[in-house]
């Protein structure tokens, strides 16, 4: 789960990191009022969960409250890479002497968090990594020991930060780490962390991503999720505990397990390639899915107008085939679907599952034994439709 | 002989009294696994499925002489359950639980590296040595004893591979699901080494997927240390970049971790790569 | 540094541990008022930094506010093992079903904290350890990993705590550990932690000791020190950074280093034994002590009326002999002392130090080369005085 | 040969620019110690006493090839300094700083146990190999080269022992102050083993004190593993129970850790115990 800039920065501030004292506006009038309160020039910034807002004209400097209102009017409602801007952050403009990058993420290979710092702030860190990797100073953090003061010194030394700023930098890095750990974040970055003309450090832009698996212990953070920005099916899928990714084919796939869902995606793609047929989605109903989950998954697939056939591929381990069958029957009795359905049920309680499906007598349903067979039948069904 | 589990495995079930725990305890006992007891804090002294339940792993181990533990504890408590098993000196810990927070697993991994326990998982289907012992959630009836070792990052794809082998009349020595989480206990290389050393294993099936570089490392290991033939399958050839495919580990980031890259590395070192799950069995047979 | 019961419990409460909602009184009238506010029976408890207050009559149950006032009147001003009672805690009386012990301390041999729990609450834990060690359940805590939930389960299971209380117990133990670590404590104990008739857990008595070396990062805790209860010389010594222990002999010792100070104490004791002569104190001026520290140390020694001779034994490593000499000269020029002085200066800058002392021409001073010689001369000086 | 430090010791000074650090850096250089540089965060690039100063230990080690480090950093920052030296892979770390919080040292100890570094101290006078190298704060002029190893929990008492030996014309191989803190890096047994293995050491002096059980463990070790004669001295024979004598380690708790107990254990295993510091030299000479 990603946080908006303003959410990330407000979270940073809770942990003691200095940020510009701006506010969020949802209307141009609010933006004007905030600019008035702030006094002096402000920056009006689109709050969207995607990059590239600067190039899209989503960040503008305003000298007066009137100008702030005008900018907010032009930015609010803007479409940036499919995301509609519904909020702007109005921040006091800072006098920037230098821009620094400071971020923490998980290094999966090293199995520990890593803090990264670069004097090339403002740029995308992945871009810096490509162009000038030696400009990034990295320190791996033992998660049991925490970020140590000497490691922060190594960062400061590495980017040749002027010594009078080291004390502030120590505090900001330590606070960012605490924020990262106590939020169960997978990314917490300040970009840029600026040196102001007044000789202070200030986090003028920020970004946080959180571990969805850890949201159970962060109800306050979970409540920050902005579902207005994402497609409705993604919200539905998440709330049903499903993993769903929209693709551009015609076969609606419902599978248990990420690996098998990927293989199903691969197989339909490969067998359908010659005819321009492929998977309409990746959908993993997870382990131990019950009837309700399966019904919810089917509803999501059926909501996609591109879907011309359904492929249900269940290999039961923790998932019991009879439960899946019950879900399928419930879903089909709720929504009437004319399209062809290919069903493959193997594994725990497969006999009971097949029995149930047979008794339900669902129209246009064929069964398959192997994955290849199931994928081929689904492709054929789309061709024949 | 097989690897990791066999007739000598004395298994504890952590979270035995929960819904999943109870269901799979019955399945494991039905398969013939020697389940010696369960652990559920606060339920010590009860009996479930004819097995004693304990408050703590340490007490359970002292009383039953358990040498392995399987964990069905819900995600918020699962890291603690793994640490408890490590602390009690359980030799083999199999964590089925999915959705454990990654920072929890980083802490676990840190402790694990200082211990003498082996962790398989989390977010894995467990282990199956056909005809001897089943630890986890694999459907036992699809497997049969034989000379092929199976190791996989994916749960249900493991079943596909076993299913395909069995349908062709090829049995398995041990099937190991290592799980799809980015931070876990046992990786491909660990299991490949065990199969290489196991006299009952003649050939190996490896099931990989997109994300990370574990398959590439496995390919290097195979080239340098394996004498037994390996057949691989890699899921996610058609996965779009930057979208997570079902779990945190399966994502192609900035062009790194693609299926094409992994397949090429396997082929470079002489590992044959199957195009479909069914082809796995064909390549093993040939 | 030890905290009073009320300070410990209020600290516990900050970390989420349930305590009785009492208050502290310094006068009988205040005690009456608190009892009135609390309503119902109360316990009036002497706040002193020593054990055995119960036996001394420092803890009394009062049914009415009037009775609370009477008890407070009798307890305030009481002398308990040399400690004058200046405060009482007035707590609502609890309905006790069972008493539990729960405490954390550092296990030096294991080099980590250990949490201990016993169903034999209310008793002194060292007494339980002597009489019935198997009644104490212990869990060692990896300081990097923290106290784990399963360890708390092991304690609850070990003392056969009724299952409905495990959730509360989990929280209390976890909070106690956080309190311990975030206070840099060396002891944090709840004794007893009671099960009330209402089926709740409540910390009715508490005790904390803090690591003096860590007080620099706990200014709020350092401010809790009650110097009214300790001898003035101990306060002076601590404030001057000295380690001082009063003994019952006649030779005032000033030494640098704990080991050498102990050896000096031993030598004077051994050589003076036959004549009933021995050290008046243990006093370690520490490493790198400067002139001010030495002067402060000398003042503390001279304040002791039992002192008949002074033995100054300095072996300079980090402590420089010239600095020590300057301190000695400064102290003697301030306070005129007629008694004999034995001085031994060896080590870093010993020549300069001896030179300075010689030039200062301090009366009744003799020098020594070895520790035995110095101790023998000091004993002889007391005999001759 | 000596132990721990000699002519090949290439020393970093952490906290070199502080008052104590600077004073003792000069003393060490004057003694002949090969000080190769210093570390003070934020002062990297400066030169002090003709030695380069660095911001971090890692950089200092890379540049100077240091294999040892001595720490004069104030207590609030000392644990971090030790961890930095461990992280940088410094082989020998000598921490002079006293008053480090005990929880800080427990964390350090935990990390140290997983590393290949050796820590001596904290709250110790350091090391002295007469005529070769001096690391710490021992007054070098009281020592002379020779065949006796000295190991001590007490700072100034170490000097007493050295002083007594030298006055009798007996030189020292290496003098090691292990420090008086309850949680530290190196204990008696570690050093006794090194002296046992060191061909330049013929006899050993051990200086103990009240508190804990390290002397008792040393006695057991001597009985089982030492062939070289050991003379001991134990401070605090007249210490009252329950009062801390100067530092957290020196306290007799509930009758445990008394000098009488320790002396008896030494005598039981044939270690001669001196009554005065001067007697140490007499017993060694005899």
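Some notes on this structure:
Which chain is which? They are A, B, C and D, in the order written, and residues in each are numbered from 1.
Note that in this section a residue touches a chain if its C-beta (ideal position, glycine included) is under 8 Å from a C-beta of that chain, and two chains touch if they have at least 3 such contacts.
Computed from a prediction, not measured in an experiment: that's the story for all the values here.
Looking at which of B-C and A-B shares more C-beta pairs in contact, the answer is the pair A-B. Between chain B and chain D, the centres computed from C-alpha atoms are 49 Å apart. Distance between chain B and chain C, defined via averaged C-alpha coordinates, is recorded as 54 Å. If each chain is reduced to the centroid of its CA atoms, chain C and chain D end up 28 Å from each other. Counting partner chains per residue, chain C shows two or more touched chains at residues 142, 144-145. In chain B, the positions touching at least two other chains are 107, 111. Shown here, the protein chains touch in an arrangement that is not a line, ring, star or fully connected set. Pairs of chains that satisfy the touch definition comprise A-B, A-C, A-D, B-C, C-D.
Interface of chain A with chain C (complex): residues 144-145.
Taken together, the chain B residues at the contact with chain C in this complex read 41-42, 44, 55-59, 77, 80-81, 83-84, 87, 107, 111.
If you check the complex, the residues on chain C that touch chain D are 106, 108-109, 111-113, 126, 142-144, 181, 184, 186, 211, 213-214, 216-217, 243, 245, 247, 255-263, 265-267, 269-270, 278-279, 282, 284, 286-288, 315-318, 346-348, 370-372.
Across the complex, chain D is touched by residues 142, 145, 148-150, 153-154, 156-157, 163, 166 of chain A.
The part of chain D that touches chain C in the complex is made up of residues 20, 24, 27, 75-76, 96, 98-104, 106-107, 109-111, 125, 137-139, 142, 152-160, 163-164, 180, 182-183, 207, 209-210, 212-213, 233, 235-240, 243-250, 254, 259, 275-278.
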